[in-house]
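A quick write-up on the structure given underneath.
In order of appearance the chains are A, B and C, and numbering begins at 1 in each one.
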Amino acid sequence: MRSKLGTLFDALLPVIATLAALVVGAVMLLILGVNPIEAYKALWDGAFGSANSLAETLVKATPLLLVALGICISFRADVINIGGEGQMIMGAILATWVGLTVTDAPGWLVIMLGLVAGFVGGAIWGGIPGLLKAYFNVNEILSTVMMNAIAVQLMNFLLRGPMIDPSQAELASKIPQTARLLDAFHLPRLVPTRLHLGALIAVALAFLVYILLWRTTLGYRIRAVGQNPHASRYAGIKVQRYVVLSLLLSGAFAGLAGVIQVYGVNYRMITDGSASGFTGSAGFNGIVAALFGQLHPILSIPASVLFGALLVGANSMQRAVQVPSALITALNGLVVVFVVSSEIWRRRRQRRRLAAAKEEESPPKPGQAEAPKKDAKP
Amino acid sequence: MKKFAWFLTLVLALSLVLSACGGATEPVVEEPVEVATEVVATEAPVMEPFRVAVVMPSAINDMAFSQSMYDALLRIQDEMGGPDYFDFVYSEGMFVVDDAAAAIRDYASQGFDLVIAHGSQYGSSLQEIAPDFPETSFAWGTTAETFGQPNIYAYEAASQEGGYVNGVLAATLSESNIIGVVGPIEVGDAKLYVDGFKAGVAATNPAATVNVNYIGSFSDVALASEAATTHIAAGADALTGTAQMVVGAIGKAEENNALWFGTQSNQSSLAPSVVVASQVYHWEVVLREIIANVKTGTLGGQSLKIDLANSGLVIEFNPDYALPAEAQALADTTIQGIIDGSIVITLP
Amino acid sequence: MISEIFSTTVLIGILASGIRLATPYLYAAIGETFGQRSGVLNLGVEGQMLLGAFAGFYVALKTGNLWLGVLAAMSVGALMGLVMAFVTVNLHAQQGISGIGFYLFGLGMSDLLFQKLMGTVETVSGFPAIHIPYLSDIPGIGPIFFGQNILVYGAYLLVPLAWFVLNKTTLGLKIRAVGENPDAADSLGVSVARVRYFTIILGGTLSGVAGASLSIALLNVFQQNMTSGLGFIAVALVYFGGWRPLGVLGGALLFSMVNSLQLWIQVLGIPIPSDIAVMMPYVLTILVLVLTVSRVRAPAALTRPFERED
């Protein structure tokens, strides 16, 4: 019973940490002359208060989940992928191009092609840093930061040039957006809200990633490379190849996030020229969501929903009590720091549990090897 | 651990299904109420203020796009007698299209009389949202497109007009005949202004060179300042620029005694010794018309524009800069020429 | 047209702009180098810079004293560094993610404080250019190298200073040991925690100064999000520079000079689309690193929290 309670505590740790951060936020709200109770009620309502709110939360969470899945893969290979922003953009560009070019084909086919295109686009943009790391020793933090900026400029170039909406091209003021995808190519809505099929696709993919990481050889090797590259190499695993592969896959999922935004939400690709006008920082927020989900694909589902709820609810709070949106940004930062800091308790408890479990086991018989799992399946 | 994850996912899925079964809530919309415009002598009637919500992509003090709308709303509030008659709320910093769409929809469902989507990137979202709220009036800028919707007003600024005037002045006052432009990205309002500026220079002094630099960002102040420095090193003694990051460029202009021509807001305070004139946006000109229309029941379907003719665009000269009389006269003639149509600005 | 680039005016212009643009990158990247050398990754540099930029600007604006502004920026940066150190060293938080959290916090707080305390964009008289006698009179390059303001000089003096500390002092030895093999260092009596606290707080302080170098020396203005990604580039430059101050200097100068090159390309009217031109510094940074294939290894303990084995 105690251990079940403990497991519950561990799982709710991010929630508790979020609440702690919101307490600090309450102080800031008070200083600004806002009633924190009223504010946080608005936050809750904005995230969960109605069918529409819940739909908004899930729509916001979907790209987070997709990016998080990619992060789960890459972090398991001990590769840091902060290039989600750029990979999302490239996936979206390719998928949009497909959707605008292949116009006389059935809707479901174009959607599938779009998803594949997004996967490929993101994979390329993730694969390049992967190759650079594996074969040229270019650190992935450097290459992905640079590639993010390059992707934004490429997007600006394409969206105000070759890919611009023909109706915009004639106007004197050109809005950097593409033409709208045909109605047939929109991801169908699930309920009469903004919630779309992409959410289900993302959840299905989460399970697929779980299977990939723990039930396939590929997944095993990725995890092995992450845990102990030397031993892996000794065991015959080509470490370089799996480093590249993990970044490639990670980028591919971020690319899918981009596709979903285009096919399911905006029905076109549009930007304002800023670095995160299109992505909404999903490339970074997805990393946070992955961490909230302990880098586990299934846990990333509730983690993404919770983080999406926070983002949506906070914006709703801004509207309701009219606080500056800067406060919302700072609050998001606080939540991230608090949740990340709270991990220590989960790790301590896990270690205590492992130690206790070891004591309970009978000592191994002489000659029988004991294989302690450092990275036990949660 | 795994079991709990399944459980949590199941709970979330269940709550999603349940809330979907609960059905979408109907948006509750208040009817716009007629507000007495004459001053009432004796008792103050119980009245509803005209309520406006505005969604903006940048900060309300960005000395550029968003500030111009915020200031205009404040002026309207003043004109109409204060928050009792005119009330507005805002969401700024909404550069993410998705978040802005959620904001617009939220405000609409709260029953505001007018929801202003002050950003050209919001159009796509507005197209989806406006039909769902037929009793709410929407205004979208800067653009001319209303999507044929009866409840969308489109508004734009003919910023090329002020650009033209600034260009004429710059070409007249420049001694090196090299003029520099610092822009963010070559789209929208920025492009209009810069194209108008170049036309103005070309019309006044075809031999003058205009060097244009789009720095690729709306917020990189350091790059904007170095762009200005580069222009100056290339010989420019008059500069202009648009969007909020030009505050960096203005500083360099002052340092090097290069003249500055501003747009979107009055930038004289940033460099009193070198700012010659600024094209100030007075959105209240279109706002007044929209509000009046909404009160009489016309919720949209029109495109409006601020330009020199309707005083929506005003060239505000810097009193601290001693503008030679001939230049002032030329500016005035140019403005008049644009207003009465004798000067036609051809854009690429 | 392309040949115009090789004229003296342009080359000097690129050099001058590059040296100025590189200043905040240098402060931030050198600070981050200390941290990473001791095994800590800080992605929150941008947040520290923004808060430092605002603190420096506001204090300078209100007191009229620029040095108080620098002090304020340093204090704010150090404070954020202190919190980051606690979160990293004592709570063993995931370093990449905690950095993002600090970034968001710094971004939001600096914006919020700016709106509430100032409300509108203002300018200050920042640090003036200091002309070193005789040297700054050298035609062409004189003003560039010997006519900058004090914070620019500071950034460049920081490089040999950092090199000296890291390579020639006991402190530097400890820092490097902690970054390579914290267990061994610990067993030799070096307090891993104390060293990391020092480097993280130092990094925060320098990030604060980087922000101040923008708001009260180079640009003399504060605006929301004025750094616009600078902090992240600075972190990337540490990797580019191979965790060596001299390498970081090279990276900062390369990036900044290519940036000013692309400005000139646009000003000279060379027909490259503006977006492609803006891409150049980023593409070139990767290219240079690819071409100079180095075998420099990261500090072995980078991003790994240190826990004393029982």
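Here, a residue touches a chain if its C-beta (ideal position, glycine included) is under 8 Å from a C-beta of that chain, and two chains touch if they have at least 3 such contacts.
None of the values given here were measured: they were computed from a predicted structure.
Chemist: Chain adjacency by touch: line, ring, star, complete or other shape?
Modeler: complete
Chemist: Consider the two chain pairs B-C and A-B; indicate the one with the greater count of contacting C-beta pairs.
Modeler: A-B
Chemist: Go ahead and note the Å separation of the Cα centroids belonging to subunit A and subunit C.
Modeler: Measuring from centre to centre gives 28 Å for this pair.
Chemist: Could you put a whole-Å number on the gap between the CA centroids of subunit A and subunit B?
Modeler: The separation of the two C-alpha centroids amounts to 33 Å.
Chemist: Return the distance between the CA-based centres of subunit B and subunit C, expressed in whole Å.
Modeler: Their C-alpha centroids are separated by 34 Å.
Chemist: Of all the residues in subunit B, which ones touch at least 2 other chains?
Modeler: 93, 185-186, 216-217, 219
Chemist: If you look at subunit A, which of its residues touch at least two other chains?
Modeler: In subunit A, 153, 156, 160, 275, 324, 326, 329 touch at least two other chains.
Chemist: Using the touch rule from the top of the page, what residues of subunit C touch 2 or more other chains?
Modeler: Answer for subunit C, listing residues that touch two or more other chains: 111, 115, 224, 228-229, 275, 278.
Chemist: In the complex of these two chains, what residues of subunit C are touching subunit B?
Modeler: Touching subunit B from subunit C are residues 9, 12-13, 16-17, 20-21, 24, 111, 115, 119-123, 214, 218-221, 223-230, 259-260, 263-264, 266-269, 274-275, 277-278.
Chemist: If we count contacts the way the header does, which residues on subunit C are in touch with subunit A in the complex?
Modeler: Result: residues 41, 43, 47, 87, 91-94, 96-98, 100-109, 111-112, 115-116, 224, 228-229, 232-233, 235-237, 239-240, 273, 275-276, 278-279, 282-283, 285-286, 289-290, 293-296, 298, 303 of subunit C touch subunit A.
Chemist: Quick one: in the complex, what on subunit B touches subunit C?
Modeler: Counting only subunit B, the residues touching subunit C are 59-63, 93, 180, 185-186, 211-217, 219-223, 225-227, 229-231, 233-234, 244-245, 247-248, 251, 269-271.
Chemist: Considering the complex alone, what residue numbers of subunit A touch subunit B?
Modeler: Residue positions touching the partner: 7-8, 10-11, 46, 50-52, 54, 56, 58-60, 153, 156, 160, 171-177, 180, 190-193, 203, 261, 265-268, 270-278, 280-281, 296, 298-299, 301-302, 305, 312, 315-316, 318-319, 322, 324-326, 329, 377-378.
Chemist: Once bound in the complex, which stretches of subunit B touch subunit A?
Modeler: Those in contact with subunit A are residues 1-2, 4-6, 8-9, 12, 15-16, 19-20, 22-25, 53, 57, 89-99, 102-103, 105-107, 109, 119-121, 123-125, 142-144, 156, 160, 184-189, 191-192, 195, 216-219, 347.
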